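Below are structures written as structure tokens.
You will see two complexes here that share chain A, one where it goes with chain B and one where it goes with chain C.
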Partner chain A sequence: MTSIATHAPLLSAVRRKRRTLRARLARRAWPYLLLAPSLLLLAAFTYLPIVRVVWDSLHDKVHGTTATLFVGLRNYSDLFADKAFVQSVVNNLVYAVGTVPLSMALALLFALALQRSGRINAVMRALLLFPSMVPLVAAASLFFFIFLPGVGLFDHYLGKLGIRGANWLGDPDVALWSLIGITVWKNAGYYMLFYLAGLQTLSSDVLEAATIDGANGWQRLRHVIVPLLAPTTAFVLVIALINVLTQVDHVIVLTKGGPSNSTKLVLYYIFEQAHENFAAGRAAAASVVSVSFLLAVSLFSLKTMERGAHAAS
Partner chain B sequence: MVRKSTVIAGLMLVIVFFWSTPFLWTLVASFRPDNSGGIHMASLLPDFVPTWANFAEAFESGDFAVYYVNTAIVAFGILAIQIVTISLAGYAFARLDFPGRDFIFYVFLLQLMLVPPILIVPNLRTVVDLGLYGSLLGVMLPYFASAFGTFLMRQTFRQIPRDFEEAAFIDGAKWWQVLWHVLLPMAKPGLIAFALVSLMAHWNEFLWPLMVLNEPSKQTLTIGLASFALGTEGGKEWGLLAAGTLLVMFPLLALFAVFQRQFVNSFMFSGLKG
Partner chain C sequence: MRWISSLAAAAVALTASSAIAQTKIDFFFPVPVDGKLAKEMTRLTKLYNDSQKDVAVTGVYTGSYDETKLKAQAATAAGKPPAVVLMSANFVLDLKISGDIVSLEPQLKADGTTRTKFLDDFWPAVHANAIVDGELYAVPYQNSTPLLYYNKEHFKEAGLDPEKPPQTWAELVDAAKKLTKADRYGIALPEGYDYMGWIMEALSMSNGGRYFNEEYGGEVYYDTPSMLGAAQFVEDLVFKHKVMQQGVVEGGAVSSNFLAGKASMMLLSTGSLSFVRDSMKMPYGVAFVPRNVRNAVPIGGGSLVMFKGLSEEQKAAGWKFAKWLSSTENLGAWSRFTGYFSPRKSAYDTAEMKDFMAKNPDAKVALDQLPYAKPWFATYQTVAVRKALEDEMQAVLNGKKKAPQAVKDAQQAADALMKPYVEQTALKLP
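Now for the complex of A and B:
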């Protein structure tokens, strides 16, 4: 009997210890359990796909089987030998140069002109914001009609001014610029929001000091406002660059990359290779090129991102 | 002498008018009775008796009712799951201390940049492997977790004083009770901000559903509108196209009218979409 008496506390001590151990383990694991659903999904649809696409880009299907063959960098050499791909890279660069600076400059000017509160300004801000809220597909189907040769909105009113419009979507020299126009129209109002927020963080003292020192409007903009808004500009630039690479809905609806590849953007090329030509290896290689570019932008701007998000909040 | 601010205001009025003409045209054209594609189709003047005929025809010929339901399932389904995943992850990042937290947070942040459209090719294969090709679930699945939402919830939770939770914990509440009854109600502004961005992003999405869905009965509004637009090209039924476009845009514009302030805030906060 004494043995039980002496053992009982020992046993319960072990149990207690085990229970606290389990509790501690649970406490340790708990944060990871909360993160698990998100991490699993992000892994499945962001990180693993990157691995997969890299693997795919180094392999090719063996005809008639499900087997794959390691082909090294052949998909890449094929890709860069494909005139359509090279053209899509050039197009994307032109598209970036055409859309990013212009929409950002307009955004800043809109923000400066409409920063004061008031009912009319609020309405005008909302109207400028509208295009960024509608689907790009909806915008594209509107511009389908607007760009229609002869009877479209553009040509109708240009005709009243005695100007003959171009074949906006059918002329290889013009079509990409028409898409650039849609993109600027769609995004300028959105970027304006960031500049409005950025302007609110500027202290009025600095501007007043500059005014007292005799700076005129242009000098204040050039030497005070623009430098102080640099974090906002960096943040907007990242968003704009991502948009340039990831939005091709209007290409699909309006031009399908044509006429003669003049509006083919990189993502449209990828979509086409994968969806229509079933050239998985080449689509994968093109994806890797795009992802590397995005990664470069993101690593470069991770710090800026956080700063920008804080400034905007 | 005319004041400079007056000149700027006048100039802005002109610019904003031009900026709005595509919408103005949509509104006018969708109510214009004659949809024969005549020379007056481009006129912005509402010189006619408005009619609902274009909308009625769009609903009949375009299966818009089905597209609405499918789009709503996708957009709200994604949002519902996201609210669970981002609340849990946001809570972990905001309130818990664990090894590797900062590293994992940066892993999350990186995803903000690697937006799904760029990974459509491998993701489509994953969806096919899971047997979800052609299903709405296949469209939704890649979006169930959101790095942006997690980031937003982390910021929101951090702004809530810890006193509230500590009081609840002392009263014997479990962590999930604290999260559900204390933190989430206080995080409402953040949640609304996220909900607006997420709903808009997935209501507007086109390329990904276009790749995943194959049956007409499963299509979403944007896909429906695109095939509608391509279909009217020959027939030149521009009033019909305008009505269809308006039908796609209307829920968003209505949402914007109701939640204007939150929209602007969340829009700004997001930068990147849901």
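Now for the complex of A and C:
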């Protein structure tokens, strides 16, 4: 009896341990199993291409030769020595400064003006959202006719006011600003959607409290609404910055980076190097640089967003 | 064991059937501008497939010339090269240098003919863009030249003879001055990328120049008197004579301005002839590109090329199809349908073509200019080398640079771009 008595709990303990081990293993493996399909897809279509681009950026094949050589970081040093690349970075910065704050401010303004539901507001929202539903290629093709020097819609109406319009896409001092105008027109309505959603989540208690405390409209906006919308703002900022680096359709349709490189954005530079100049290595290096930049911006903004969310709650 | 024998039987049947099966090949074609051309091309492909049993061609519409180049390169990298591709004629050299396309000499030999005999019926101007390093790499298919379009009504208004368009640069400036008004420019040139280079080639050639070395891909002649004169002429049209809009005007904007009567003359491709014929409401005329030293214009357009990685059967099949597409009869029909000129001289001897020319005298002017046509610029890094000049000319058009400095800087940039090639070729010495 004693032997049984002493053995029985031991055996069951082992069994129990084994069972918990298996259960723990199963619990650990289960999520990976569930993740497997998307992980596989991500690996095939995101991670492997990234690795490939990094690999390509360290190699070079001179146009006209057959051998692909390992060149270390030479593609990167050549890239930063290339005046056209430096100019495309500068253009992209101007483009970011010109489009992001303005379209976000307009988006917030639209959202504040149209946050109450009503028939007129619904129509206005749809109207403001409309530009973001037009594909960028189509929008750019439309603006080709609006910006036509002399006969375009823009110059037609300016002519009625007695003003001779600029050469909107043909003057290097103006062309980038024309593209900035299209981008703001196109994106402000889209960002408005996020702000509308953000405004819905604000608790009315806080606003009522502020009103009772005697805060006027501006003070409520400045000290209550805008800080509470910080997570939305951080999110919209990330989207807007990604758009700045990933949207290039209007450049291709309207200017092809000209005149004299004045509208060449980084993505167009990459396209040109890879497909016009037979310089895949340098294009890969430029891709790595711009993607790393995007990654850094996203990580930074997401961190701030979390902090903002904590502060808000 | 029965399944083995049936498998063997199936295998035998399969090989037997593939031996008599058609050779399947892909044909990539771009259509610059117009959707109805894509339909016509699809119709032609079907016509060919129905006409014989050896080759089955799958026609693939691949967007613009640039996209077609990308897609053909991608398909080749993926191991499924297109047998025949309609490619911008000035990409041929770069594609040969990068090893993407194959020489057509073996096909010529198999046919028992030679390059000289094969090209004999093609206009001399289209030869250079089809030959690289003494071998045939492309079959010319659709071609164009620049042309002067002018508004006859404006000519009458300004006291100019609408039947006597300007023939020289001096006459051009004189006419443009008389035609320019507060809301109208005397002349417009297409100055966006691609078109600008072509127009500069036309002007420098009309000024006695050559633009590039048509026999060797490592030389362009930007910093030369002929190009400087052309660049200065363009600068003067804007800033001295004030007969042309300041800043860059794209090709599409040029034709819109001309159709709307906001520009009285324009230099544009013969490829736009049918578009202008259909859309222009006022009477218009066409004429040769005016000369300063001599009459000369570059060709433009597309040629048929074959990509690397094809099997021998596919090559033979692709060559057969390319020959069919570029036959006298088909080139003539394509020319009448599209407005391009036919690279084959014999196409103009057919009854249909003579009839067409009688009905469209403006197409006759384009044809008459052909004997003065010269090759299209093509160098190592054609696009980048072209942009080196275009960027500078765009600066000139905006008053940011003077012509003498612009051609110097363009030459320097172009030489830097071609340096790797020059070092491997002309400067690689024993």
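Here is the rule we use: the second predicted complex is superposed on the first by the 257 of 313 C-alpha atoms of A that agree within 3 Å, B and C clash if a C-alpha of one lies under 4 Å from a C-alpha of the other, contacts with A are read in each partner's own complex, and residues count from 1 in each chain.
Going forward, contacts are C-beta pairs under 8 Å (C-beta built on N, C-alpha and C of every residue); 3 or more make two chains touch, one makes a residue touch a chain.
No experiment lies behind these values; they were computed from the predicted model shown.
*Asks:* Could you say whether A:39 touches chain B, chain C, both of them, or neither, answering first, second, both or neither?
*Replies:* first
*Asks:* Taking the superposition on A as described, I'd like to know which of chain B and chain C A:275 touches: first, second, both or neither.
*Replies:* A:275 contacts both chain B and chain C.
*Asks:* Based on the superposed arrangement, let me know which partner A:151 touches: chain B (first), chain C (second), both, or neither?
*Replies:* both
*Asks:* For A:260, is the partner it touches chain B (first), chain C (second), both, or none of the two (neither)?
*Replies:* second
*Asks:* Mind working out whether A:210 is in touch with chain B, chain C, both or neither, as first, second, both or neither?
*Replies:* Neither partner.
*Asks:* Would you sort A:53 into first (chain B), second (chain C), both or neither based on which partner it touches?
*Replies:* first
*Asks:* Counting only touches as set out at the top, which of chain B and chain C does A:137 meet: first, second, both, neither?
*Replies:* After superposition on chain A, A:137 lies in contact with chain B alone.
*Asks:* Could you tell me if A:170 is touching chain B, chain C, both of them or neither one (first, second, both, neither)?
*Replies:* Once the two structures are laid over each other on A, A:170 reaches chain C alone.
*Asks:* Just checking: does A:221 make contact with chain B only, chain C only, both, or neither of them? Give me first, second, both or neither.
*Replies:* In the superposed model, A:221 contacts neither chain B nor chain C.
*Asks:* Check the contacts made with chain A and report whether chain B or chain C touches more of its residues.
*Replies:* B
*Asks:* Can you pull the chain A residues that chain B and chain C both touch?
*Replies:* In chain A, positions 144-145, 151, 275 sit in both the chain B and chain C interfaces.
*Asks:* Inside the complex, what are the residues of chain B that reach chain A?
*Replies:* Its residues touching chain A are 4, 8-9, 11-13, 15-16, 19-23, 25-26, 29, 37, 39, 41-44, 84-86, 88-89, 91-92, 96, 98, 101, 104, 106-126, 141-142, 144-147, 150-151, 155, 200, 203-207, 210-211, 221-222, 225-226, 228-230, 233, 238, 241-242, 244-245, 248-249, 252-253, 256, 260, 263-264, 267-269, 271-272.
*Asks:* Applying the document's contact rule, which stretches of chain A touch chain C when the two form their complex?
*Replies:* 62-66, 144-145, 148-151, 159, 166-167, 169-173, 255-261, 275-278
*Asks:* For chain C, which residues are in contact with chain A within the complex?
*Replies:* That would be residues 66, 69-70, 94, 97-99, 183, 185, 191-193, 245-250, 252-253, 256-257, 260, 262-263, 380-381, 383-384, 390-392, 394-395, 397-398, 400, 420-421, 424 of chain C.
*Asks:* Give the list of chain A residues in touch with chain B in this complex.
*Replies:* Per the stated touch rule, the residues are 28, 30-32, 34-35, 37-42, 44-50, 52-53, 56, 110, 113-114, 120, 124, 126-146, 151-153, 155-157, 185, 189-190, 193-194, 197, 217, 235, 238-239, 242, 245-249, 252-253, 267, 270-271, 274-275, 280, 283-284, 287, 290-291, 294-295, 297-298, 301-302, 305-306, 308-309, 312-313.
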